[in-house]
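One chain, subunit A, appears in both complexes that follow, with subunit B as partner in the first and subunit C in the second.
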Partner chain A sequence: MTTSRTVESTDHPGVTVPTAIRAWSRWRWVRPSRWVLASIVLAGALLLGALVGPAGLTARSVLLELVGALPGVHVDSGLTAQQQAILWQIRLPRVVLGALVGASLAVSGAAYQGVFRNPLADPYLLGVSAGAGLGATLAIVQGGAGLPFVVPLLAFGGGLLAVAATYALGNTVGGGRTSAVIVLAGVAVAAFFSAVQNFVQQRFDDSLLAVYSWMLGRLSTNGWTDVVMVLPPVALSWALLLLHRRTLDVLAVGDVEAASLGVDVARVRLTLVLIATLGTTSVVAVSGLIGFVGIIVPHAVRIVFGASHRLLLPLSMTFGAAFLVLADVVARSAVAPAELPIGVVTALVGAPFFLVVLRRNKVAA
Partner chain B sequence: MHHSSAPLSRRVWLGAVALLLALAGCTPMSAPAPAGTPANTAATTPAVSAAAFPVEVTSGAADSTTKVTIDKLPEAIVSLSPTATETLFAIGAGPQVKAVDDQSDYPAEAPRTDLSGFKPNVEAILAQSPDLVVTASKDADLVASLAKASVPTLVVPSAKTFEEAYGQIERIGAATGHTSEAATLISSMKQRIDAAVAKAPNLSGVTYFHELDPALYTVTGNTFIGAVYSLYGLTSIADATAAAGDDYPQLSEEYVVSANPDLILLADSQCCSVTPELVAQRPGWAGIRAVEQKQVIVLDEDIASRWGPRVADFVENLGEVVSTLELAKA
Partner chain C sequence: MTPASTTNPTSADVLSCRGVGVHRGDNAVVSDLTMTVRTGEWVALVGPNGAGKTSLLHAVAGLLPATGELRVDGHHPMALGRRALARVVALMPQRPVVPPGMSARHLIALGRTPYLGRFATESAADRDAVDHEIARLGLAGFADRPADQLSGGELQRCILARALCQQPRLLLLDEPTSALDIGHQQTVLDLVDELRAERGLTVLAAMHDLTLAAQYADRMVLLDQGRVVHDGPPADVLSAARLGATYGARVEVLDRPAGPAVVPIRATQPPHPRAAHRPDQLGGTR
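Right after this comes the complex of A and B.
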């Protein structure tokens, strides 16, 4: 069990959680230095995302173009209409989508880890990825890969279906009372959906390329449409998760203890899982399977800034957004003008980065 | 509670496999669509030369040193490659073909079964009692397993050049007793291709984007399909990636737009429902020269992904298309 470790605050080592919660006075979590740092990192990532790309737009002209977009400012960036289209309709929506996806995966990961008190819990724990993968594969083998909305909608449906199956299975078998049963149900459901997905994929082996490229993750090519499509469910999920910061801290002490503090553990767990799943499934639908973000970002934040969910959730969101935007910069520039699948980049860059964080903060962890 | 490590490692593993597949430049896909154009080769009475057997034929890539020995004239051929199936029928070996794989949709009279060329099932293949198996798969296990059952396997993997494609037609001809028909087919293909190229305008400097998949996988000039475009002097916008050794790269969308190709060829219309209208609606694509000038062409992706006899059809059709377009640059 990792309960005590994950709830221990780095600022107050050895302090038990109820005390720690009280120790964070009402405004304490709004420590400016952290928020300034997180904002700078995110702003820097977004700027880099806007500046870097294989289309050969100069940094100066991109900056001028961005400044020129501010209300009341008139500057000539020198970009042609075509280059403006590249910046405004292809690159910027992709950067924004990357930020939304990264933030959602990271904050959902943090919530799942809190709900299940399992450091290895990631946003795909309950079968979202397998379900979405099956949905996307069905859409692709039926010829929908090139049509707008078809793959995202089926992926979204598949993801929700898998999580519903996991929850139903967990409830039937274990009464939904212990998180271990739900996690195990998720493993079983994911295995089952993956098996069906693999079967379909093999039956239609002429679609392999499209299926694989979805599986490896890609920030979509549908411009602002995808951003607009995922923003409502994702924003809702963020807002609801942030409202539950305090509840997650209480859950961290254990089911029995949380219940004695007046928390309806099973109900809260279901609520939180549904909220996190809504966010995850929405972003998976437009980005494919991007692994690792939901695990390393929350852990890195925990190690550096402490385990209190009041900090963990918003900081995970910010750093998750920055991380995925940067990973996408690598994905589209490392072998430019070709691309690497972003899911490969997040693991390839993320794993060593996480080890560095882990090493540097050995004492704190 | 560490139950969740399995799905993570599975995903990473899947990712690694798929990456390898992508890096290896897997063969472009073909869709199980109905056959387009009719067979070109006249159904001449095949003069099967049984006397030539046993024969030794090169198996594998063009530079392979592996030989396969075929003891007697094959009369129960199993083809696991759509390209090989087309060749077998074009050289008059059709009556000797017993079964073809699930993707072999041309010609219509080919005895299509649910055998998979992609994931060959040795027992299912042997159930057809073949005396020769023709496959494009380089799976060494398949060849070894069939050899244990004393079934010779002729491997004709995806060709990279016209010479390799012609070489494969020769090898299939030799292996099936149709050497002279194979030679006739090759010379007819060469004539048709030369004539088509001679008729077309000079298009050097004209660029194209050949879309294999809506995720913007494409081809460089180093591929077989690239060699077809090179006949007309067309240049792939992906040639910048050729140095990295990736001949089927996935391009960045903004690169495709900034490269501003003169011609877009859709090999993902049957598989993935992409149309010129949908291409024009993609954000930022309206200003691409090919889109502005309505030079977005839908290809028959079966013909465009195979390296068999119908390549001559493809070259001729492409020649007609490029001749009618406003492509020639000043």
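Right after this comes the complex of A and C.
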């Protein structure tokens, strides 16, 4: 093992071999400032999400109320009982759910892009969302919405089927080599699954409204139920993805070189696709089809902070959470007192951004 | 030096192939190949495009399945496992993939992968090893630049540093300098040769430039259509007649103090008839 810690190499006078401490600051992902920035942005978004709305909550009272909820702390936030109910049973669950959904979609998008070495890979474009949509629709029209875990399980099955179909189609047609082929395969698979889903939806028109509002993407307001249901699978997928942060960096040099560096590429790719699909389909089951988060957020993070997955994955989670909470604020307030579906807001922002990404990557594609 | 050891593998052989075959799809790209590479040796693999050089290197690196008896450091590459093999064999590809936005230092650090646990990141010792190679190869000036902005020569030195971070016994070079100008070709090959002496590395290099190959290699193995045509010291392998037969090339071989120099001769008559049967020569490197 070369574990030299000398400050100056004797073989090559003048060539300094940095000590571990000096080297530490050169490794981009350990600089603390970006984590501070990300935390501030997320905290700001969460606070804004809790404040915006007709109940007249102030930042000070919300913060005091949150501090007061800590065990052993007693402060008077000055909120009425009704305002407290709005904060704890309506605003906060929705904001937390938005953060979970945004973080999951963004980190899964980053993982798909790494696994497929394709800047355009996104849960939406790979057909995962459409597959999960079909699974969830089947569950809803069969009356499974009331039972726990039926919708998420069918959504996971549908999403897995869709990503497998996309990958198989991309491999068969294009040898899996170019970015464009796998996205085209994803578009075809998504169209197919959407068509089947539409068919099912039309056949069961008594649940049409429920399915339709779910499809456009929305963050529900039924207390903490959705948060509790989505948290376990989502937290599991985050943890597993973060464990693979360095492996994703190795995959970035392509199959041949990654294999020659000691990575079992086929096994790692399968594992990561399963994990990312678990994360995506779990949130699709509660929030519907919210597109473009998985492409906007990782790309913005790459442009600003660099492409290393050690930064990309956690920062995508943080900024993805903030982005979706802010998108929800827009969805709630743009046409108040009515609401826009949040999927409409993300698509309005995301579709133009997608063109920017396409332009940036025109050489690679 | 004689190729006597080809029939008698010994413990000093880092690589031994006996009756090795490699397939890509249904095509046999290497067949019944027998050769050895001894510890510390530099062996050049030469031969026309499609002769099977890259495929053989990939089989040795465990990237392609091989039939017959293939032993790397005494083990079959596929049986050794990815990680263990990557500690013995490092591959320097012809056109390395450079992920956009990745810094040179980060790209080099990927060479530590076979020494890290499955979910681990580099320890201080790994970072030291990386910084040591960066200093040794004189890359400190651009180690923190994005790798996709480096020149061809700088990039190949980074890829060499990455391979060295694997602390391999056998270094496989797949036409390492064919994208470089003549000065950078010499820089990279000189570095490889210095490191070979310093660390007792063994080098197996697929090379297109026969003159350069002859200057650096102890021994040359000439492949054609997946078979060994000749195996021996450069001066034996490089003859105008043999190169004419395998490459369909018109060359003159000059005897120089540094080794034989291969000089192409411009046709004054219609092209060699063999050229008409070998349209694949204009294709890619496989």
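Methods note: the second predicted complex is superposed on the first by the 244 of 365 C-alpha atoms of A that agree within 3 Å, B and C clash if a C-alpha of one lies under 4 Å from a C-alpha of the other, contacts with A are read in each partner's own complex, and residues count from 1 in each chain.
Heads up, the rule we're going with is that a residue touches a chain if its C-beta (ideal position, glycine included) is under 8 Å from a C-beta of that chain, and two chains touch if they have at least 3 such contacts.
Since this is a predicted model, take the numbers as computed values, not measurements.
In the superposition on chain A, A:N222 contacts subunit B only, with no contact to subunit C. In the superposition on chain A, A:I140 contacts subunit B only, with no contact to subunit C.
Looking at the shared chain after the overlay, A:A338 reaches subunit B, while subunit C stays out of its contact range.
Touch criterion not met for A:P123: it reaches neither subunit B nor subunit C.
Once the two complexes are overlaid on the shared chain, A:R310 sits against subunit C while remaining clear of subunit B.
Once chain A of one complex is fitted onto chain A of the other, the partner contacts of A:L243 are limited to subunit C, with no touch recorded for subunit B. In the superposed model, A:P93 lies in contact with subunit B only, and not with subunit C. Once the two complexes are overlaid on the shared chain, A:D264 sits against subunit C while remaining clear of subunit B. For subunit A, the partner with contacts to more residues, out of subunit B and subunit C, is B. Taken together, the two complexes place residues 1-2 of subunit A in contact with subunit B and also with subunit C. Remark: subunit C residues 58, 61-63, 82-83, 85-87, 89-91, 93, 96-103, 105-107, 110-111, 113-116, 118-122, 124-125, 127-129, 131-133, 135-136, 138, 140, 143-144, 166-167 touch subunit A in the complex.
Of all the residues in subunit A, the ones that touch subunit B in their complex are 1-2, 53-56, 81-83, 85-86, 88-91, 93-94, 116-118, 120-122, 124-125, 129-130, 140, 143-148, 179-180, 183-184, 186-187, 190, 194, 202, 205-210, 212-216, 218, 221-225, 289, 291, 295, 332, 335-339, 341, 343-344, 347. Residue ranges of subunit B in contact with subunit A, taken from their complex: 1-8, 10-12, 14-15, 18-19, 21-22, 26, 28-32, 103, 116, 118-119, 212-217, 238, 240-241, 244, 246, 249-255, 257-260, 268-275, 278, 282-284, 286-288.
Per the touch definition, subunit A reaches subunit C in the complex via residues 1-5, 9, 12, 15-20, 23-24, 26-28, 243-247, 249-250, 252-254, 256-257, 259-264, 302, 306-308, 310, 364.
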